[in-house]
Amino acid sequence: MSINYQFILDTIGDEVQPLLSRGKVAAYIPQLSTVPLQQFGMAVYCLDGRVYTTGHAYEKFSLQSVTKLFALALAFAREGDAIWRRVGREPSGNPFNSLSQLEHERGIPRNPFINAGALVITDILAERYVQSDIALLQFVRTLAAEPALDFDRAVAASERETAHRNYAIAHLMKDFGNLHSAVDTVIDSYCRQCAITMTCVELAKAASFLAQHGTVPWNGKKILDASSAKRLNALMLTCGTYDAAGDFAYRVGLPAKSGVGGGIVAVVPGDLAVAVWSPGLDATGNSLAGTMALERFTTLTTRSIF
Amino acid sequence: MSINYQFILDTIGDEVQPLLSRGKVAAYIPQLSTVPLQQFGMAVYCLDGRVYTTGHAYEKFSLQSVTKLFALALAFAREGDAIWRRVGREPSGNPFNSLSQLEHERGIPRNPFINAGALVITDILAERYVQSDIALLQFVRTLAAEPALDFDRAVAASERETAHRNYAIAHLMKDFGNLHSAVDTVIDSYCRQCAITMTCVELAKAASFLAQHGTVPWNGKKILDASSAKRLNALMLTCGTYDAAGDFAYRVGLPAKSGVGGGIVAVVPGDLAVAVWSPGLDATGNSLAGTMALERFTTLTTRSIF
Amino acid sequence: MSINYQFILDTIGDEVQPLLSRGKVAAYIPQLSTVPLQQFGMAVYCLDGRVYTTGHAYEKFSLQSVTKLFALALAFAREGDAIWRRVGREPSGNPFNSLSQLEHERGIPRNPFINAGALVITDILAERYVQSDIALLQFVRTLAAEPALDFDRAVAASERETAHRNYAIAHLMKDFGNLHSAVDTVIDSYCRQCAITMTCVELAKAASFLAQHGTVPWNGKKILDASSAKRLNALMLTCGTYDAAGDFAYRVGLPAKSGVGGGIVAVVPGDLAVAVWSPGLDATGNSLAGTMALERFTTLTTRSIF
Amino acid sequence: MSINYQFILDTIGDEVQPLLSRGKVAAYIPQLSTVPLQQFGMAVYCLDGRVYTTGHAYEKFSLQSVTKLFALALAFAREGDAIWRRVGREPSGNPFNSLSQLEHERGIPRNPFINAGALVITDILAERYVQSDIALLQFVRTLAAEPALDFDRAVAASERETAHRNYAIAHLMKDFGNLHSAVDTVIDSYCRQCAITMTCVELAKAASFLAQHGTVPWNGKKILDASSAKRLNALMLTCGTYDAAGDFAYRVGLPAKSGVGGGIVAVVPGDLAVAVWSPGLDATGNSLAGTMALERFTTLTTRSIF
């Protein structure tokens, strides 16, 4: 009962076409708002090295919040459980950029995948590395075996200019003593981090270590121990898709991390990593066609974690 | 590499002993507050019918919120996706009995496992059955193959007398038009439902259909289709352990539903269901020793969904 | 420079005519929703006994929340500062029937003029009087020298049937231990209290003791000492007009208490009490024409407290 | 029945001595935290020009939030009702530096006396004046007839260094489009504004125009028209003493504005302005001895607005 991944991807590629015009491109970052809606790519990276693709799977897109996954993996690999003194592990039940909960909970973000939590992770990296954004870029380059991966400087600049909400979050955490570097340093690094661009194929490959208990499948390098990799997957499932994590788990049933650039990366533990990209977002900020593609993927492969 | 479940359970039974005195018995229901702390039971029900136990696995305890799982399964089996018009599927990020979020979101509870959501599910059952609490009891009796299962009337009465918070929640939903039956009818039925008592062995068996794609393993009866069973497991993972679902997923990595009686039932899809009971609760309202026991269980068996 | 009150009232009576159709009758109490919009009455009761009126000043209307003023005065006269152990004195910054703040502040209402606070006052009266609603009615009859004042039983019944929000509030306070009588007892008494009907002339007379340092001007009877009367006026100013107290103070500049029946009573300390009634409400639940009439009154008489 | 103000002030000066050690100096601004607790001053400025003092009435102190009153008066005098498009007039029901309500109400602060509202007023002044802090200083110098009034540069610098919460507020409003100047410009100006120092005598004189319908009593210069002055007094009463405005109105019964430097200025319309200073604060951030002194002042003079 081997699965014909190529047939399934092709089917999904056909099915999502009518959805491409329904989403909305992220408007709040000027540089992202110009990306054409009618694009869809998907790539599967199996642990045995096989790769399957459909659509614009070799097109670069802006990772945005998907980078929070790699930043967390790097910080977790370096600092271990010490990071949980500064950020929680619970779904927020609020929009990804909310200040109310952060204020009520005295500057400790709910989890590392909302903006506040990601800023704390950036701050943790900034304490360890001279240039935390470069360190993260190197980490992602290694994971994807793509030394040419880079930031999109125009997107980073655009993002910084409209980062008032993130500045507000950072200053609030500073006020509570939960940001150690200067606010400007953290925001700069965070904006560049978000502006890393990748293709679906590169992204699926870069995340594949999470499907193999923390070890990079194509070179055997251990990024995280098995227990830590599982825990990171658990966090993706409960917190990885903004305030729609419950619905996403219900529909898709895979640990995943999404970004407002329209990308989503998901993991089938023991089997594969899968990345989708389509820039049109639904009301919760997740790729509309991308979410549907992943829902169809787990239905057609009968591979969910549940 | 078959797993020696009995050895693992015995190990866990030893390990949790120092924890038994650390938790606190639920104080707000007078009848529950008298249960002695120093008790711990655990039972594994494998899909092939084997049963493993340790400690007080044949002791009856009050299911409390664990019944929300069975009520949801019954309502979902009968009404399908129609139930999602009246209750959401997202983690709440708030205590299980909070009114603020319910008010802000105009009477639509975040998920079926917080009290507000469970009251809506009870209301849905009350619209379909003359006596919804009896219908639920019969459903659980069938799932566990235990026709003698029953409510603890003293606990139900005790619960009703201190149900002011639940009355407040029900009236608020009534005000928003999201409760169709009379408030008293729903609260009565809900309090009886919560007072069902079971042993760990009975509970693990009753939940085993969720490990086998919705089909009762010992008689082949289909309770839910495979897709629905997976979805219910996903809901348990994201919402099943109150406001600690993220932490529980991180530590244990299994879909689970807990109750303030100290019981927790969890599912390893494709393999088994496991129930633990220990009345001492942690600050989030989950069994302290029970959570640790399940964390050890997934570590020692290396069976988590991630 | 004596003031020609009759001329001023007549002017206002003319000016407000175009506003009468703009407000909305309170819809949530069925019996109130049938009151015709095109009505306006106003009465001034001077401390020397002179009375001035315009429009429907002798028409009965439902006092609703205006009764919270008399209930507070009665409780304050009987219990003194002890009442502040159970209810606060701060503006709420939230709608009059909100539960969120009450939950956050552990069942202690912000002030006696939001519903939660009024229910506590009713509870305090219920502890002292066998029939607290009758006691309050007698108190108001004495203040207005109108022994025939009565409840409108149809309105009270209508109110009780739609009192789900108030039930929710009462049960939440019961849960926090801040309601001593049975919830049904308090809600019954509260609904009858709200259903007292009066005319503008009667209302202005009944409130006149607050303009004369707590002493009834026409019989010299001391209801409250001077300091307590001033304090009650201060509470009216900061909390008397729902979540619009700041705007009301800004525009009108008088201590006042409003009700969703469209009545407002205000006090010019040392001079007079004034009552208006017009059933059309603005978005904050205050009489639209009534608020404007009082704003014009303080402008034309140059009598505000500021 | 003329009032012996000197005797009353002397009495109050004696009475408050035991209270001086009970408050706490504002700790969050390093420069303020060094001010000795055991200080108390009070000054009355009557509209006829007489001045009465007790204690350290000629000692300079940091005005802090008291300056919000003068900034509002200046903006209101220049822009009129246009300012209400950007800031509300309601009590906040939340601490003075809260972000939750501001987020929920989409960047429109509740009133001009909480930090968010004051930052908007500063922004309004920054749009009209090249150097808004200098413009405000000149305005206060004119009101007090004290051309030597100045900022305390050390306090301003200290304030700026710990202004993370205010930066968060400003960036959040910027995100909502309710801050037109650069965040740094507004915060700089605001920190300097807060650092103006005055004595009680100077402060009472500077506020006396609010007791005389908007006209400076000693030179007849009209700052605001009578209606606007009344409205400003109304705002002070409902919003001038942080989240304790209800309690302050209840106890003192005068329009007032307080600051964390320990100063409070209050107005008896038609009669006088009164300023107190004592650096020890109560839990709500108002001067503990200062509030009690004003409560005794209205009791002993029987001059409240109610």
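Which chain is which? They are A, B, C and D, in the order written, and residues in each are numbered from 1.
Here is the rule we go by: a residue touches a chain if its C-beta (ideal position, glycine included) is under 8 Å from a C-beta of that chain, and two chains touch if they have at least 3 such contacts.
Quick caveat: nothing in here was measured; it's all calculated off a predicted structure.
So which chains are sitting against chain C and chain D at once?
none
Where each step is a move between two chains that touch, what is the least number of such steps from chain A to chain C?
Between chain A and chain C, the shortest chain-hopping route counts 2.
Measuring between mean CA coordinates, which chain is farthest from chain D?
Result for max centroid distance from chain D is chain B.
Roughly how far is chain A from chain B, going centre to centre by Cα mean, in whole Å?
32
Round to the nearest whole Å and give the separation of the Cα centres of chain A and chain D.
48
Distance from the CA centroid of chain B to that of chain D, rounded to the nearest Å?
55
Using the touch definition from the top, which residues of chain C touch two or more other chains?
Residues of chain C touching two or more partner chains: there are none.
Please list each pair of chains that are touching.
A-B, A-D, B-C, C-D
In the complex formed with chain A, which residues of chain D make contact?
98-100, 103-104, 164-165, 167-172, 174-175, 183
Touching residues of chain B toward chain A in the complex: what are they?
Residue positions touching the partner: 88-94, 101, 110-111, 226-227, 229-231, 233-235, 237-239, 243-247, 249-251, 253, 255, 269, 299, 302, 304-306.
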